[in-house]
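To start, I am sharing the structure in question, which I have written as structure tokens.
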Amino acid sequence: MKKPLILLVSLVLMLAVSAAGCIDVGQPASNRTITDMTGAEVVIPAEIHTVVNLWPASNSVMLCMGAGDKLVGTTAFTKKLFWSQKVYPGIVDVPVATDNVEELLTLSPDLIITPQQKTAETLRAAGLPAICLMFSDYDTMKQAFTILGQAFGGEYIEKAAKWSDLVDQNTARVQAAVGSIPEDKKPVVYYIQGQSNQGLYATFSANSIMEDWTEVSGGIFASTLLNLSGTTASAEDVLALNPDVVIIGGPAQHELYEELMAAEEWKGINAVKNGRVYTNPNGLFPWERFGMESALQILFAASVIHPDLFQVDMVSEVQDFYKEFVGIELTKEEAQNMIKGYGPKGEDYT
Amino acid sequence: MRSDIAGKISGRAASSAKYRMIMVCLVILLIGIFFLSLTVGRYSIPFFDSIAILLARVFPIEPAWTQTMEAVIFNLRLPRTIAAVLIGGGLALSGAAYQSMFKNPLVSPDLLGVSSGACIGASLAILYSMGPVIIQIWAFIGGIIAVSITVAVPRLMHNSSTLMLVLSGVIVGGLMSSIMGVIKYTADADTALAEMVYWAMGSLADVKMIDLYYIAPCILAAGFVLLLFRYRLNVLSLGEEEAKTLGVDVRNVRRIIIVCATLLTASAVCLAGTIGWVGLVIPHLGRMLVGPDNRKLLPAAVILGAVFMVMIDITARCLTSAELPLSIITGLIGAPFYFYLLIRQRASIT
Amino acid sequence: MKLEVRDLGFHYPKQERMIFSDVSFGIDKGEVISILGTNGAGKSTLLNCMANLYRPIRGEILIDGRNLRDMRSKEVAKYIGYVPQVHNPAYAYSVLDFVVMGRTPYIGMFQTPKEGDYSAAEEALRCIGITHLIDKPYTEISGGERQMVTIARVLAQQPDVILLDEPTAHLDYGNQIRMTRLVRKLADSGYAVILTTHMPDHVIMLQDKVGILDHDGRFTFGKAEDILSDSLLSNLYSVDLKLVYIDEAKRDTCVPFAY
């Protein structure tokens, strides 16, 4: 009579013990804490092997640092860039990630990077290691890249520091040549944003990285003059400024260049009359925006805004940069293609 | 006996004379505001220079102005103004036609879902990174498809009454909104989504003359046909059954009106995004000025709509440096104005 | 026979119950037929079939020997005019503009009324005696006046047959009498008039034919003096009714008795 009872109890105990063994306690060997751009303290694993990155700019930074193989979730924009495919061919197999909590829990990456504070908070609340890495000008970029370097550890900490130094060095070089130009002699620089073809009046707001590199390079940013807080300018306002230089960036730059040169209302504008309409280099990310190549943008911008005061061998600067940070050798042709806004083999985005 | 009727006839002649005067004033107003639109803008052109530029197209005048000024007037302002005239007139005409056909002064041209459908078409094009021309084409097709669905439902239900058509429009409109939600959700928040929202809010900033070459014939043809049916619309506004007993082929006339109104509205939307209130409010204003008789109302509504739209466009592009979306201005002006009209008419609303 | 109805039967789509069946009668110019029945018997439905608004399930309607089914709306409208029981105006057309819409069957698809159409409209208003209303918005006149204006519209249509759906339903007592006299006058002017009513007295006043539609859908037709009787009316309305001859009026009147 007691035997069946003992059998039952031991059966239950066995089940309990084995079930306990199956329970994932979820505590990795060792953790550490980092602070993200919003000041939140986030617990992340000691070593980061898998990353889901929800922001195109940040993806390009990871590829630029040579950390592309850590990506298990990326963005569509990143995948379509020809330079992404050259630097990290495996990018074509990395799936496009969403901020769907359940999917991410299944994927269970070591780190999730997002530009939105709200997303980071939601994901953290679900127990995911998410950090917000929003950056919008050189200072915040230095901070953000430092945090990224810390997260990946080892050589990445060095690379982040080197990048900050490079920005300072390039700024100093350029300022040496153009720093003393009086305000009234500075050319008005109008920037056309060409992530996709949204017309000639898609630009960027004042108080942005575009304003930064323009001013460092001795120019006056058009959006600053217009007090523009949005990203679309009024056609007549822009024409009234009579810009001296036009810089067109992004994958749609060549299409937009043709459009601008064909537009009747631009024919009488200084930049067109004097042949000072330029396309912007476009590598792992459009240089003029928030990728790591923005360190090179300072040099490029100065060379087109004040070609008589500042000259630079852009090809060798690109080759050095890629050797140092990405870890690959670029041929002269590939570098020239990037500077002209094409893919490594001269591919066009449009 | 005949003499007291002869005296009564003069009531009709007097109101005809009054109508002629009103129309003459409206046409003069339209011409005036058309030229105003060409001469004002954020790119300042001295008034006499702009007159000279316009006259120079007809008379030989020595250019004392810059090429940019001329291009601003003919390449930037002229296409927008013509588009505003076509769109304002077209939307007002569709609105007036629907208000008669559905025997309901609270109806707008979007009743059968053409704007929602056009939005979906455009948003899909934006989602797949299509250029501006494709976006327009898909917007147009989207509008046509939406109305086709709305019109097919009553046939499936074997109930072709006006009420069924309206209900169908409500259902299809709701469906379109949900589909729109899905599209917006899938879109990249930084680029595609912003573009979709901006497109939907309405803008004439990107209208070029070449767009008008394709779309103007469509608007003019559809508008002309609607005007041909002005008397039948009067009879339709008595109600479907009475119209039938008076010998109107209700089914076919309705079909033609719907096709024309849909073409008008789809054309307007594909040029400039969604613009609300014009089709609802302008017919009311027209009725206050010239009465509900469509023989008088439709032409008046066309001119009033055109004048209104040109004024809105001038406001949109001159008020602030960032161009205000059209539907916001039409809403801010339209809704209180509608309220004002209703107060004026409160006596006759039961 | 100007208008002839043969073996007409109707039920609503997807329903089984016949509203009426085997309805047959004919009318000539100058005649009046009153269709008498209870609420919901199907009088308006029968009238709507004759107005070409509903399609009958069985039987046919012939105008001047031609089947209504084979004619287009525009043609039917030149023969048959219809005055609905109630008209809810949406827009404030003037009385003249409203009446001239009766000329629509004669106005081309893309055309507008001409002087001749306006003359016909004015003539119709004169006929009814309401020319003083000619320029008023028809939303600002009384219900009774609007009814008269609608009849004027039908007259402007110059049909052979006039159909009226319960023309006295919304009128005061005096206007009811005047309306009944107007119907008689229209018939005397040469129109074939068919109206629906549920006032036996009006049928008697019109001194012509009557069709009784009961709630089983049966139709009895003949001269009023032959058909109307105490028992028929009492059965029809399920109330004790008696026809009493009034010497001063020189006619019968229908009176309920014994509460």
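So that you can tell them apart, the chains are marked A, B and C in the order they are listed, and the count of residues begins at 1 in each.
One rule holds for everything that comes next: contacts are C-beta pairs under 8 Å (C-beta built on N, C-alpha and C of every residue); 3 or more make two chains touch, one makes a residue touch a chain.
Remember, predicted model here, so these are calculated numbers, not experimental data.
With every chain reduced to the mean of its CA atoms, the largest distance from chain A is reached by C. By number of C-beta pairs in contact, the leading pair of chains is B-C. With centres taken as mean Cα positions, chain C sits 81 Å from chain A.
The geometric centre of chain B is 43 Å away from that of chain C, both derived from CA atoms. Residue ranges on chain B touching chain A, taken from their complex, read 41-44, 66-68, 71-72, 74-76, 129, 131-132, 188, 190-191, 195, 198, 205-206, 317, 321-323. Those residues of chain C that touch chain B in the shared complex are 13, 51-53, 72-78, 80-82, 84, 87-88, 90-94, 96-97, 101-102, 104-105, 107, 109-113, 118, 122, 126, 131, 134-135, 139, 157.
The part of chain A that touches chain B in the complex is made up of residues 56, 75-77, 195-199, 201, 226-230, 232-237, 239-240, 242, 263-269. Across the interface of their complex, chain C is touched by residues 1, 4-5, 8-9, 11-12, 100, 103-105, 158, 228-232, 234-235, 237-239, 241-242, 244-250, 287, 291-293, 295, 348 of chain B.
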